[in-house]
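Common to both upcoming complexes is chain A, partnered first by chain B, then by chain C.
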Partner chain A sequence: MAIECKNITFGYSKDNILFKNISFSVDYGERVGIVAKSGFGKSTLAKIIAGYEKPLSGEIIVDGKPITKKGYNPVQLIYQHPEKAINPMWKMEKVLLEENVLNDYIINSLGIKKEWLKRYPTELSGGELQRFSVARALCENTKFIIADEITTMVDPITQSQIWHFLIEECQKRNMGMIIVTHNMYLAEKICTRIINLEDMALE
Partner chain B sequence: MKNIPEIEIENLSITFKIYEKGLIQKNIKTISNLCLKAYKGEILAVVGSSGSGKSLLAHAIMGILPKNATVTGSIKYKGSELTEKRIHNLRGKEICIIPQSVSYLDPLMKVGSQVMIKNNKSCFEKMRNAFKRYDLCENAEKLYPFQYSGGMARRALISTVEQTEPSVIIADEPTPGLDKQMAYKTMKYFRDFADKGKAVIIITHDIDIAVQYADKVSVFYGGTTLETTKAENFIKGEKYLCHPYTKALYNALPQNGFKPVEGFQPSPYDVFEGCIYYDRCDIRCEKCKENIPIYNFPDGSGFVRCINGY
Partner chain C sequence: MNRRKKTIFLICVSIIVIFSVFIGGLIIPETALKADFSIKNSSPSLNHIFGTDYMGRDMFLRTIKGMSTSIIIGMVSSFISVVIAVVLGTVAGTFSKYVDGFVCWLIDFVMGIPHIILLILISFALGRGFKGIFIGIAVTHWTSLARIIRGEVIQIKNEQYIKISKKMGKSKFYIMKNHILPFIIPQTIIGGILLFPHAILHEASVTFLGFGLSPETPAIGIILSESMKYITTGYWWLAFFPGLVLIIVVVLFDILGENIKLLINPYTSQE
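Showing the complex of A and B:
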């Protein structure tokens, strides 16, 4: 089992628990859909799995070892709102260079145009910006991708292109994926398995 | 004859002045020759390619484009030109926008109080009613934006239009990240609003949801409109849609085949003659490299920009 979430309990304060004892695992090559109502804690769980937030109890195990803060994070999180996840003071080129993914293959496959590299985030449309967040998650060392509602801000054709590309990359590199979405039609097309967190919390 | 549109846009073009490598100035035309009409009692859904100019259009109407943008063509409100001075007085009162980016929420202010345009009882009640409708509890009023989930932030933005009694609402992607039920509730609010004789323009990628409530759909690509058609045609099926791009958009929805299309929308740097969809179109021919006429539908419900007409 490549990523294991073991009995994760979390609340932003101790007297306000969001979810209790969430456990599941995701193997390489799997694309696991995560669904639950708005405000349940999906994005929070995504941050915990990527190591940006500590659970109150439980642990995240990657390849048999607890996640650490050191070195490159093999679990890459693509955020729900790119405008909040990309430094507004940086030109786009710098955003990609930081993660070392200024690579023609990725840029071309995602339809990122060279002229956008010279711009600031506010000078791009929502969907254009989201392609950069996808690109920057695809560093060579990435083993897992957590995709938090990543294509709600693009048109259906671009959505289909991005997913076909991401699925192909995942298969080529044998990465695993966790996919958060409210769109059940989309989940059924792209996921190998779907977990409803609300059901799990009831058990 | 139909009544005067609430918003009428004719031959709108938006050009950005960009400085590259030192002082070489470039003009990039992001919107060209765009026409659009929004009527009282109707919802117009604006759909189409990412980066096709949908948000810029909304910002142009609201008069909030960045300084390096030049606008030509005409934007009319209730039959007369919407000048800078006029929009300044109407903005946030008669014409309201729900912005696309959640970063429009002020990170330093509690969400409940920033949604209220004035600090009085009536604004407070309107805020509380709207929050209730969108399942934001009283506790949520007191939180800061960083304590909100993605969907909650979206719902707070939607609540802002209930503060005044506008005659036009422009909603720039109001439903991404909302579950079906909440998205329907939002669209239902816009439907009721339109039914009161107001005009609504909804920019959206949630085509399947929007067409169930909208009257017309305008399809954008590369800074212009390729087709405007009745919303019901998206429900009836692909063969009721005319433009090859509109059909492709329909077929790319996960429930309709999830079919991608090779290639990408051209950049405004590419100089174009003929059809802007040429390099991705399955049925292109030599004639498509020339000027493309606009075919108006005989019943007056819309138009298509393709040599194959309707």
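Showing the complex of A and C:
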């Protein structure tokens, strides 16, 4: 078992519970889709797994140990809005250099053009920026990727390009992937297993 | 002429005037200020546009030289102030809440004492002169800028890209240096320029009260306090022109700061 979520409950206060007792696990090399309707708390769950939010109760266990606060987190989250996830004052080159992923292989596979590297984030479109977010998460220490609606803002061709590359990369490095989406068709296409949180909450 | 051109025009004019006063003061030799009792206390004329004082010295040259001294004091002490403000502001915003609490307490503590009293105290304790003035102004003026920077840091700290950077195992110092400092630099430049007029005015007032620079230094505060002795005898130009120049320079710094702010701020820069 690589990532284990044990009885995760999250809410903004004790009387305002968003979801209760969510438990599942994801293994290396697996691609698990998480599906639920809008407002269920998919993105919040994604943030909890990646360590950005603390659950009210329950815990996340990676490789048998609870996630650490310091150091590189092997579980990396790719956000839904790339324009918020990239420092607007940095050139794109620096964004990739921060994580040491500025190599031709990643750049070419994601369809990043060389001239984009010299630009600022405001000079690129959302889809173009998202490729950088994806590239940044693919640092060599990453063992799991959580993709939180990462292709909702891009055209179908780019969408397929990004997913093809991510799937190939995950298989090659034996990484696990958690795909948060409300697009059932996309989930069926790319995931090896689908978890419907609404069903889980009913049980 | 659109807003942007007007802004750039005002910035250039302020810089040119301030710079020429500054350079002018530096190149005026001491010999130009020697006493000449044959023309003492003469009113403004074409030869001496600001008149002359009780020793027959040209008031225009004295004022420019005094102003240039004040500008140096303003520059050095507001630079020290800005450094203190940036360091304490970022530290307060970046580290734990205890550090933040301590810095906030320090800001309130320094702010709570009236500037001028603290300034007189420090300047007097350090034996007056330039050192006392520099340290006195630097120690009293950083507070409001530090508070602004702390606010900015706390605001930017919750941005997604900083959280991502943290999850990628970057240290607090790395984040501070690469993410936070570039973001607060525009605020710091503007804050620093707007500190300038305060520093000059406080330097002048402390010197005027006799706790600042020694009477031999040609500073604007000395000139003003000297001229107070003669104002009752009707030598109005001794106080009027130096005072006017002081106000003009202060207002120019204010215009400079405000216009640079308009230019740096992305919401107003293209209007």
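Rule of thumb we're sticking to: the second predicted complex is superposed on the first by the 203 of 203 C-alpha atoms of A that agree within 3 Å, B and C clash if a C-alpha of one lies under 4 Å from a C-alpha of the other, contacts with A are read in each partner's own complex, and residues count from 1 in each chain.
Just so it is clear, contacts are C-beta pairs under 8 Å (C-beta built on N, C-alpha and C of every residue); 3 or more make two chains touch, one makes a residue touch a chain.
On a predicted model such as this, the values are computed, not experimentally measured, just so you know.
Trainee: Taking the superposition as given, does A:N87 touch the first partner, chain B, the second, chain C, both, or neither?
Mentor: A:N87 contacts chain C only, not chain B.
Trainee: Check the residue A:V154 against both partner chains and state whether it touches chain B (first), chain C (second), both, or neither.
Mentor: A:V154 sits against chain B, while chain C stays out of touch.
Trainee: Going by the contact rule set out at the top, does A:T192 touch chain B (first), chain C (second), both, or neither?
Mentor: A:T192 contacts neither chain B nor chain C.
Trainee: Let me test your reading of the model: by the given contact rule, A:S38 touches which partner, first (chain B), second (chain C), both or neither?
Mentor: A:S38: touches chain B, not chain C.
Trainee: Please determine whether it is chain B or chain C that touches the greater number of chain A residues.
Mentor: Partner with more touched residues of chain A: B.
Trainee: Just checking: does A:Y72 make contact with chain B only, chain C only, both, or neither of them? Give me first, second, both or neither.
Mentor: second
Trainee: Where on chain A do chain B and chain C both make contact?
Mentor: 81, 84
Trainee: Which residues, counting only chain B, touch chain A once they are in their complex?
Mentor: Within the complex, chain B contacts chain A at residues 20, 47-51, 54-55, 100-103, 135, 147, 149-153, 155, 173, 176-180, 182, 205, 207, 248-249, 252-255, 258-261, 264-265, 267, 269.
Trainee: For chain A, which residues count as touching chain B in their complex?
Mentor: 12, 37-39, 41-43, 80-81, 83-84, 111, 113, 115, 118, 124-128, 148-149, 152-161, 163-164, 182-186, 188-189
Trainee: Can you list the residues on chain A that touch chain C in the complex?
Mentor: Where chain A meets chain C, its residues are 50-52, 70-73, 76-77, 79, 81, 84-87, 89, 98-99, 136, 139.
Trainee: In the complex formed with chain A, which residues of chain C make contact?
Mentor: That would be residues 159-165, 167-170, 178-179, 182-183 of chain C.
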